[in-house]
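Each structure below appears as structure tokens.
What follows is chain A paired twice: with chain B in the first complex and chain C in the second.
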Partner chain A sequence: MAVPYKIWLSILVFIPILAMLFISFSNLSSSVSVGELTLSLAHFKLLWESSTVIAFRNSLIFAVATTLISFVLGYFIAYEIKLSKFKNKFILLTFVILPMWSNLILRTESLANIMSENNILKNILGFNLFGNISGTWMAVLFGLVFTYMPFMILSVYTALEKIDFALEEAALDLGLRPIKKFWKVVFPLSFKGVVTGAIMVFLPTLAGFAIPKILSRGRIVFIGNIIEQKFIYTNYNHGALLAVVILFFILGSILLITKFDKEGETLL
Partner chain B sequence: MENQKATLKDYGYRDFTTLNKIYKILKKIFVVAIVLGLYISIIVIAIQSINESRNLSIFTRVSFQWYANILQEEELMQAIRNTFLVSAIATVLATFLGTFFAIGLYALSKKVRVLWMLLNNVPILNADIVTGFSLMLMFRLLMVVFPNIFGLFTLVMAHLFFTIPYVILSVMPKLKETDPNLMDAAMDLGVRPYKALIKVVIPAIKAGIFSGMLLALTMSIDDFAISYFTTGAGFDNLSIWIYAVIGRRNLTPSVYAFSTLLTIFTLVGLLTYQFLQKQKKGKKNEKNNFSDIAS
Partner chain C sequence: MENQHALIELKNISKSYDDELVVKNVNLTIYRNEFLTLLGPSGCGKTTILRMIAGFIKPDEGDIIINGKVFNDLPPYARPIHTVFQKYALFPHLNVIDNVAFGLNNRSWEYLENFYGQEKIAAEIKELSKKKEVSAKKAIKSLIYKDSVQALKLVKLDGFIKRKVDQLSGGQQQRVALARALVNKPEILLLDEPLAALDLKLRQNMQYELKEMQRTLGITFLFVTHDQEEAMTMSDRIVVMKEGVIQQLGAPKSIYNEPINRYVANFIGETNILPGRYVKKDLVNFLGVDFKCMGYNFNDGEDVDVVIRPEDFDVVDVEKAKLVGEVVFSLFKGVHNEYEVLVKGEKLLVHTYESYEVGQPIGLTIDPYEIHMMKVETGE
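Our next item is the complex of A and B:
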């Protein structure tokens, strides 16, 4: 019964990617007839344009910063959930992921609203909770971190939960202080979860376009925003080329994940 | 001197009690701040939904008019209908196909299976924008044969593409837990292979199928980027519609009302699910059932 899925996956994984590669190397577009079709590297000029370079730089910097911050905060929360005396961990985790069930765009938009100068929270509380950071890098970073952190919390928690408590007891019996026990025993054992979480935060941030667009009010351009522009103006060749570049980052991450996790089970 | 207890220092340990106290307080503040960060947007959406004023920056009076108004908002209702239509079709198909694909993949030798599971991860790990863009290109190529392909059909196909892997991922571990002899036993007892599958294997993995279905539904209903690229003009799901509207003018507060309702339903649903799960399993399996449903 695996055959249909093999066909399905092959069609939907390889053909779109091949189409993307082909289009980024050729002058194929709706106005070009089959006879005039040529292959060229002409589109690659785009990669050295300053707007593209800046967009890549923005995407990378924000993705790295978001990953690091969500790692610190997310690990902390995951560890607190593990330590908490509350028996039913499922309920706690439900509350961590509950925000992810409501519409991402709407959440981002309401964040953008309360980050602006006059907002409903100011009206109710009497002061401005976020200051006036609408449109700045801080707004974007805040939105990204708190949108994607649940992924980090979940995968770190999954890894933490698997750690045998006997190991921690042994570490304490052998005279380690709790802080040292954490660094020498717990953290290394949960590292797999950190890698998975980091990738699950890094990739959507790197390739995102809606959150930076809404929260920076269009001022900070990510590579995704350029792809979106190319899509709107039906410049598929350029869009495909940029998407291919992102794809390379993703392939790297998939290789990394398989190094730590053979059948992708930590993804769940 | 006479009655004083020996301190930790006298035993040669350093005294961390005060530091620990400070750490504990700081920890609580941190937890509250982070949870607030996670929830601030949901809270604002909820406030917005009960605000009588249409103005997003002024709270006038508590009112539930926007809840009653959801049904009157034609554009919003259309977007909601589209979202549910696509998600329902995609979830049902993905659950059905994903389960059978997983059983098929499980029958392969381990080496081959690992390879296909790797490929199975591609749609999950691939950035939405790349998936969306590349699928869009492929559908455009198909347009030569089927000119009106963009819309419901392409959306459902795209959603199937990224939801089936989740179903497979959640069914696979359950398959591994089942006794490989079950199927043989059933067939020895004279049941036909196809029937043995339905009567023996499926019931054994139904928890995995159910969680896979929930995952598929979650992913499908909230998807923005892939849908954005693969839909046709005029067929907007909720995310696309909101994204388009916020660029032009203020949203109707009914959107906030709808979103709040959805959040409440989700919460109630999850807690009920958990409650039922607990009643069924007793207490033995408490630890592991979050992974059934969380993504």
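Our next item is the complex of A and C:
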């Protein structure tokens, strides 16, 4: 198993990463020939440019906010699903992931549509469900939570489902009231799921570009949008540099996961 | 027993799941400091009774009375009862000592003040303050720690304080579960087949230790098992159950020697049940022979079931024997030999120290006091 896996991993992951690292240090561009290639830290100035800093700040703030909201809401939903007397919980979970079956861009575009002043939903309902928030930070936050919270719900639910019910009974038996039982037994034992879920929400939010672009109508710029722009305008050096920085965030997060979840139980 | 103080009373308890009655109108009194075992095959309702006493489920009908108070609607956390679960249910996110201290650590201040008493707390503050000033809270924490260590000592695990629970063997986890319950000084300890997952040797050791603990700590143990040997070894009294109904309640010896019906006789150890007739007072006829018997009163000429334990046969010379049969199967069991003896078409199970070969004739007699009789059950 290992050999084909390693080959694929090197072709599809390691070589591109090395290439990006190289590009971010070099002066490679369409007008530079191979003989003139040099390596320098010149592109790193970009990281201190205010557009980059603001984009990073936006990405971080929205990623943190999305993660927190997804955690609170998602944990609640996962816990309710776990407690529900409904026999077929798989169906409930299917409802959770159902929106994911449609294309992200389409889904986001339609979300932007019903968030704008005149839309089909308003015609049907007779009032504007979302108000007129398209283009604001609220629209972006809603879109992000709407898109990524299912990951939190699923991983928290998986962790909750693994908790032996006898442990909860043992806690009650030892004199804990239900609320204390939750904080002392259920929550600590599902924390791995929270960490995994948080990272699955945080990373795509941090690196994403489609949702903020569509829902803020270009007003709120994430770091992903800048990377996209750089590549569209064939400024590969800058694009690669920012992508590598994002990559370090991802690596850091994965280290965090492995610290909390050594057996990889809650990861799919 | 009867004049002792009743600790738990179950009055006409019934419980059904999905229209299936699993506990049927059970009445049971459990006395202080006794070791009572609920014995029966799986699905006989014994665990359900235990869980109702613990408060995890509510009876559909009837009352659970503890110390004279009706406990039906009290949640588990408000009962002076702790449970040792079948699969131990130790908290995997805590180490051994934190598991043991879990109950006390999460109690309210008032509860702990009550639990330890002002005097003990004051003494602990004094003791600790020799080194540096401490608050009452610190003193209680220290008392809890000491108690937890003490409980672990009791189960011989005081060397494992900081160990993670998943690094312990099954037997050790069992002991931690026991310590976790005992540290709270419950009036009643419920044990739900706690030894079922242990191997034979360990199980036997734990049986003695549990009995010993119950005796020294003076806690009422309510033990649930399907293993009749386990029940025999440890219990003061045994409740034999079948399909949600109590069949017989009594000391191990009386249940073993005087089973009330076929079911109990078969469930408690190996036995021979023979159709017989109560000829007249102290005379019973079975296998075509009259035997003297004692202590039973039936109508003259009434059909009875005669119960004879395999070890109650006396093996004698053929000439002196009341029953003569042929050994058809033999098994060496270490301490004794087990034979199947064919007597007048009935196969009898006989335990004896003498050795016989298959095919040899064998003579048997039975002492009058070893002959037990039951009413013939109809409808079975």
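Please note the rule applied: the second predicted complex is superposed on the first by the 263 of 268 C-alpha atoms of A that agree within 3 Å, B and C clash if a C-alpha of one lies under 4 Å from a C-alpha of the other, contacts with A are read in each partner's own complex, and residues count from 1 in each chain.
Note that in this section contacts are C-beta pairs under 8 Å (C-beta built on N, C-alpha and C of every residue); 3 or more make two chains touch, one makes a residue touch a chain.
Just so it is clear, the structure is predicted and the values come from calculations on it, not from any experiment.
Enquirer: Answer with clash or fit: chain B and chain C placed together on chain A by superposition.
Expert: fit
Enquirer: Quick one: classify A:Lys180 as touching chain B (first), chain C (second), both or neither.
Expert: The answer is second: A:Lys180 touches chain C but not chain B.
Enquirer: Between the C-alpha centres of chain B and chain C, what angle is subtended at chain A's, in steps of 10°?
Expert: 70
Enquirer: Who does A:Val13 touch here: chain B (first), chain C (second), both, or neither?
Expert: Touch partner of A:Val13: chain B, not chain C.
Enquirer: Could you let me know whether more residues of chain A are touched by chain B or by chain C?
Expert: Answer, by number of touched residues of chain A: B.
Enquirer: What is the contact status of A:Ile214 with respect to chain B (first) and chain C (second): first, second, both, or neither?
Expert: first
Enquirer: Name the contact category of A:Asp164: first (chain B only), second (chain C only), both, or neither.
Expert: second
Enquirer: Touch check for A:Asn119: first (chain B), second (chain C), both, or neither?
Expert: Touch partner of A:Asn119: chain B, not chain C.
Enquirer: So, does A:Leu172 touch the first partner chain B, the second partner chain C, both, or neither?
Expert: second
Enquirer: Determine, under the contact definition given at the top, whether A:Leu189 touches first (chain B), second (chain C), both, or neither.
Expert: second
Enquirer: Nearest approach of chain B to chain C by C-alpha atoms in the superposition, in Å, rounded to an integer.
Expert: 9
Enquirer: Taking the two structures together, which residues of chain A meet both chain B and chain C?
Expert: After superposing on chain A, no chain A residue contacts both chain B and chain C.
Enquirer: Which residues of chain A touch chain B in their complex?
Expert: Touching chain B from chain A are residues 1-6, 8-9, 12-13, 15-17, 19-20, 23, 73, 76-77, 80, 87-91, 93-111, 113-114, 116, 118-124, 129, 142, 145-146, 149-150, 154, 158, 161, 199, 203-204, 206-210, 214, 224, 227-228, 231, 236, 239-240, 243, 246-247, 250, 253-254, 257-258, 262-265, 267-268.
Enquirer: Over in the complex, which chain C residues touch chain A? Could you list them?
Expert: Its residues touching chain A are 54-56, 75-77, 81-83, 85-87, 89-93, 102-103, 106-107, 111, 180-181, 184.
Enquirer: Name, in rising order, each residue of chain A that touches chain C in their complex.
Expert: Chain A reaches chain C through residues 164, 166-167, 169-177, 180, 184-185, 188-189.
Enquirer: Once bound in the complex, which stretches of chain B touch chain A?
Expert: Touch residues, chain B against chain A: 27, 30-31, 34-35, 37-42, 44-45, 47-48, 51, 56-59, 97, 100-101, 103-105, 107-108, 113-114, 116-131, 133-138, 140-141, 161, 164, 166, 168-170, 172-173, 215, 218, 222, 224-225, 229, 238-239, 242-243, 246, 251, 255-256, 259, 262-263, 266-267, 270-271, 274, 286-287, 289-291, 294-295.
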